[in-house]
């Protein structure tokens, strides 16, 4: 399989961080509507949860600040690789990379697995074009690579990243900062990722700006209706990743949306 | 995990002035004490997340859902439910004296467990600083400051607290030097649960003695031994 | 007055396009809480309203697509310059520039007016760093210049624009794309500017990213409460521009917020 | 421009099944036919804009506000109001036969003008395809297709239409070759009005014969001569 062969059974995917590390076997029927399963973000070493409030609602959405807790790639392989191999849809492993060298440790362990659909590499928000290219080059190997770009820089970084060998780019949730009222009275600030229907107009504009440049993109951000998924696909996205709507409405949406998109 | 429909039959104010809703739903949907359901209004496209519902009172074909609830929920609304989800309270068979401790502004989420305990003829004492609804006179009400003494009286302790209060739990129980409480027990830990166990978003992480657990899947009720 | 002397009676301003071309005299009392009055965007020639739907609500906000209708600078000067001179607070004229050369026509007409507080020059969304610098240089003269950057590129463009002589940068509303259900059934897309409380977490993050680089910025975007204004000021913004909240709650907010911020 | 408070006293469904609200407010706040008020719930921080309210029925100390209204508005809610805003209908003193034409899905916003006209003993005919509430029998109801004939009968025409319908107005009135209607009249044009006249956001621009006008300030009621 070459790095250009991103294969989905249908254009519906979950976003990284929405459905855990592997498809749960008791959910197999519900998940059969899913075109590809994206794992929670996995870092080389273990990450513990962030401190402080983790989920803050605001009008039209909510902010998540979790620290992407995960047991680290090796533990995750031990726990989940067998389920990835058994899954009825392609599994895409999302990698949370700290340094470019992390990838030279991670890639050989992943490339020897059976039947992975591909990798998604999440770049940090403060990445610049040369670092984005370096991450992409280091990730490009035997598996097709989706590079998840920081939302704020997605339109700008997409050309260089595709040029460096990404099969497609995808979009991280936008980052934002919210106020939280303290017990003491004076509010403090919390930074995190933004989810919810208010993200959709931003995401559709960003996806269209990328497809207008002729680049392959997997759309994501605030998709809460089938019409919104359809409009992103009609704008040229290869597939769409769902996030908050899965949590709101549950796994029943996969088969339901799949048949409505067919 | 199962899906149901529930109709909001009625709203009422709890003693703290917050809204509770009576949901009329099939008996199979009723959450055991400490379990939760996820609910949303299928007509409301603007809601970003489902709302976790805990029972404040169990009825034959429905339950009173504890606050907080979305302000847009009104009588007549038909909600989509899924659940019951998570691990609820499990009272060991030999419990005779049950202490309930509500550390937050409401004791509502412990009352179904009190209902169940009274049916089993246990002695029930409630320790709280929260305003209370009218309760059966067989439930003894005590201030929260008496909780350390309760650990000698009770043979099981059920606590309701928020994730922020986990760190101060030992202090509230009057424990020192890292010693465990004198009686066994469980704690219902409330945290935001955006993904409600549909997979690890990681937002509901609860610090435990060795690392952390997820409220939505591993809880929301945890054995007190998680911390000792 | 040099281009570095941006003077506000207090740190509360309206955003361009919220209160019209000049402070209305019957609103003088209500507007006395305003630290500076920013005019609606003025282009060199007249602009007529955009076609199609102009205001589309979505969860947490609304999209505006108006085309910034205005009578053109010369007509506006004839109609409004006397009121700018009479205003009890500094007036900042917002210029919607089409080409760099526009500014050489506009600037002399503005610099000979009495008592303007400054200019705000709005850059187009597709501007790049060299064009942003060229607009800034052409605008920098006798009046202090605020350069309003496209939201999506604000963090990136701010350093070059301040270096080129802007007294401060400000933020345009973010742009987004929404679906509108057609009578015929198939939805079509509308592009426009995004307003409402869901913009705030994005705006606060962008303002903090700019002040973290030590650059002067006037904050804007989804401010709907005094606490949100205070947090943006505490994050280092020189002032804040209000938009949707003025329309929602009316002109009474100026004096009310001013006293709460004092 | 003045500020008032109004309490939602009651909700009801209009004949199209949309919600109207009875607002109890001081008489000074009552909008004249065709005028509007801006209203918001001061407790609801999540609403991005105020809602423009038009009367569907005027009462002594309040009015029924026409749909559409925010679904979160419930009886008991106290709203902040400002207004009345904009230019309403102005019936010339010599009008005897008033034709009302509702081109959209509701005639509600023309009914206060009908109320006023009946008090002045005018003959009133309503042309519409919309579902109607029970109206005084003195109002003659006609299908929209008869509107061209009405122009010969009436000595004043009052139209309710949306900004999208402005272009097709001549066709609905049966006019050809750019000729003006045979009788004078006014049109209440509904458009989104985000800034509600607080200054030119420009969103409520209405195309007129020479350029355009702002519904929030120059209207929302315009003389038909704006288009002929």
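Lettered A, B, C and D in written order, each chain numbered from 1.
Heads up, the rule we're going with is that a residue touches a chain if its C-beta (ideal position, glycine included) is under 8 Å from a C-beta of that chain, and two chains touch if they have at least 3 such contacts.
In this text, all values refer to a predicted model and were calculated from it rather than measured experimentally.
Contact with chain C and chain D alike is made by A, B.
Annotation: A-B is the more contact-rich of the chain pairs B-C and A-B, by number of C-beta pairs in contact.
Among the remaining chains, B is positioned farthest from chain C, on the basis of C-alpha centroids.
Distance between chain centres (mean CA atoms), chain B to chain D: 51 Å. Separating the centre of chain A from that of chain D, both taken as means of CA atoms, is a distance of 49 Å.
The geometric centre of chain A is 33 Å away from that of chain B, both derived from CA atoms. Residue positions of chain B touching 2 or more other chains: 45-46, 48. The multi-chain contact residues of chain A, meaning those touching 2 or more other chains, are 59-61, 196-197.
Taken chain by chain, the contacts link every pair, so each chain touches all the others. Only residues 14, 17-21, 24, 40, 48-49, 53-55, 57, 60-62, 64, 66-70, 195-197, 224-225, 244, 246-252 of chain A touch chain B when the two sit together in their complex. Across the complex, chain B meets chain D through its residues 71-72, 74. Looking at the complex, you find that chain C touches chain B at residues 59-60. Interface residues of chain B, counted against chain C in their complex, comprise 45-46, 48. Note for the complex: chain A touches chain C at residues 58-61, 63, 152, 155-156, 174-179, 187, 189, 191, 194, 196-198, 200-202, 204-205, 208, 227-228, 231, 235.
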